[in-house]
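Listed below are the structures to be examined.
Okay, so subunit A shows up in both of these, paired with subunit B first and subunit C after.
Our next item is the complex of A and B:
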């Protein structure tokens, strides 16, 4: 199976690879997948004033999984929480030209985005409760 | 050194130029049909085929008359198993095989099982991938008509105790078929000593052409009979009809002759290169695990799992080296290697496995390059792996509740 140029590019030059400290203020962490299934994605966002100012990922998985998460971090940066919620796996499929057998990689990336956003929201709500 | 490097010699092998040279006259000049008994074109073709039959038989210590030409090992496996079952169905319908056989054997017996034509016992293997001969003995019933166990495994290279299994088969009067596709030409094979009654193998795994294989069918003690699965002109003593592909057969013969002459030399070279590859990788990369038997395996085989990184991404990172992985992502089924699973290798490590298959034409320079690349890419991908990060932080990955998808 041949990979699209974009997948190869993200794989060779991953964007925003790395980690934030999970307990850092404004950081939301999403971890999805399972080692037995052959892919695990960790996606993190850093939020200031409802805006995602930075994003990072680490992925265990095939080239398409790595590319999907790398692309997701690129797209997340500069988006508001609301805009980020709208990223769909089909957008990733289209951008990376993923073949049918790799669609699950894009689904995983969308799940990771959702999980990171939910984690941020949970932490933010918690902080709000604490402040009260 | 030329890129890409071919290190996937279990899948196929480049043809030896000496083999091609032997084949060439049989396309245009000596194009006759080996079954044409009444003119010079036919005689020349027949003579070439018989010469090849001798070369092939010699490599496995058989009689030339015991060689039946097929299109390849998959057909040979099908012919052996279906042919025996059909011929001996009055005696019984039980087949014993192992869980790590090639799919040409497994899917054949499963198809027979599904149609209600056979009852099949799948023997498990030990952690090195070896069949225990005593398990074979225990599985035998009054209805057993065939034991089918491979000589060497295509993924992990483990060599089975075929001689011991052959002895048990003989003792019990049960036919023994051996899929020796990966073993013939690489390690010494003696059908007499190993007590093999039927044996499948093919040319393209031993530097010969694709599209031709053979089934060894024992003629004496006992005389094995199989029902043909291809009807037609009654070629190959009625066991496999179809015009013989003379150029391919000539190449197959030459390939066998070269293997016989150069096996000792090839083996010494391959083991030295393989062991160096293994030692260098293992030394540089922690948590790399050898799959298969540490010593009792094919000279050119090396199968390693690199914890925390996924196999397909490893292959993608080494685009200029042709390798294979047990990762699900490289297969259509999304299941990781059933062979590694049968050894008890965890699913996550099965996803992380790479098979190196060294062959006659690999060089030391290529091995040096591969060592460097493997270390580089595994290190890079571990940096990228959340699992590696967690393991480094002291998280026990087995205790994590994963959200499986």
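Our next item is the complex of A and C:
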């Protein structure tokens, strides 16, 4: 089974690889793993005024998992929190042409997005309580 | 391993059957792989779990010799070679049964696969218990991954490379020890599961205990996969 050109491209030239400091203001961190294959994914967003201004990822896993998270960070940049919530794993499958056996990689990326958004929300709510 | 509890059923022909009626002579087949009346082989149901198929209770401690003996017994009973002169139906049943038997044996032979399989079977009740991702472990793995990348990029003859290598060696030793600890913890959980099965209680307390064991087992098995992956990567890179 061959990887699609898009997967190979993201794998060879991953976009937005790296990380932010977890406790930095406006940063949300999502850390997820797939126990079946042992892949680990960290996805972070930086939010200003409800807008995702930057995103980074680090993934330890197969080519499809790396490509899925790389693509996810590309898509996240410039989106509002609400828009980001709507990213579905099926969008990633379609864009990267993932075969059925690699669909779980896209699910992992969606989970990572959700986890990062939830973490950001939690921190933002916490900051609000602190301010009061 | 399993001397106290001899759960093996005596003969391979006393196993629960898929069908209650013989596909050939329509007489009732009770708990046998072969019809008593017309002696035709009967298909193993796809619904049958591997434990039942091999005649073992759903326990996590299985004597490998007992399992092997059972496997050989059933292999002989189902082997396609013995059905070459039989009808097409019987040949196809023998083939199907043999395939199922091989998968069952492969799955149950390995303690980890056996536990994973049991979790799948029992998942119904524990499905809503989501395992919490071990954030610390993930962070550690990703950091280690960075160090590995650094090492891969470093000039092999340099001091930096040597420092990185010894650091990775230390990590490897620690992770391998952790893997062993996890396996010990799993063994303990297996024993707890078996004890619970043997007691066969249906109280709330027993159910809670059951869920606790399954969830804990799920967590350790997952973490073990993560650790195993990074250890494999370490070994492949530094040796």
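Here, the second predicted complex is superposed on the first by the 129 of 132 C-alpha atoms of A that agree within 3 Å, B and C clash if a C-alpha of one lies under 4 Å from a C-alpha of the other, contacts with A are read in each partner's own complex, and residues count from 1 in each chain.
Convention: contacts are C-beta pairs under 8 Å (C-beta built on N, C-alpha and C of every residue); 3 or more make two chains touch, one makes a residue touch a chain.
Since we're looking at a predicted model, the values are computed, not measured.
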Clash or fit (per the criteria above) of subunit B with subunit C on subunit A: clash
Partner chain in contact with A:36 - subunit B first, subunit C second, else both or neither: both
First, second, both or neither for A:118, with subunit B first and subunit C second: neither
Partner chain in contact with A:58 - subunit B first, subunit C second, else both or neither: both
Subunit A residues touched - subunit C or subunit B, whichever exceeds: B
Partner chain in contact with A:66 - subunit B first, subunit C second, else both or neither: first
Contacts of A:101 with subunit B and subunit C, given as first, second, both or neither: first
Which superposed partner A:11 touches (first subunit B, second subunit C, both, neither): first
Touched partner set for A:3, first subunit B, second subunit C, both or neither: first
Partner chain(s) touched by A:127 [first = subunit B, second = subunit C, both, neither]: neither
Segment of subunit B intruding into subunit C (one of 25-33, 97-105 or 115-123): 115-123
Residues of subunit A at both interfaces, subunit B in one complex, subunit C in the other: 31-33, 35-40, 42, 58, 60
Subunit B partner contacts - residues on subunit A that touch it in the complex: 3, 8, 11, 14, 17, 19, 31-42, 58-63, 65-66, 101, 104, 107-108, 111
Of all residues in subunit B, those that touch subunit A in their complex: 308-310, 312-313, 316-317, 327-329, 332, 334, 336, 346-348, 351, 383-389, 397, 402-405
Parts of subunit A lying in touch with subunit C, wherever the complex brings them together: 31-33, 35-40, 42, 58, 60
Footprint of subunit A on subunit C - complex, ascending: 131, 133-135, 138-139, 141-142, 145-146, 218, 221-222, 225-226, 228-230
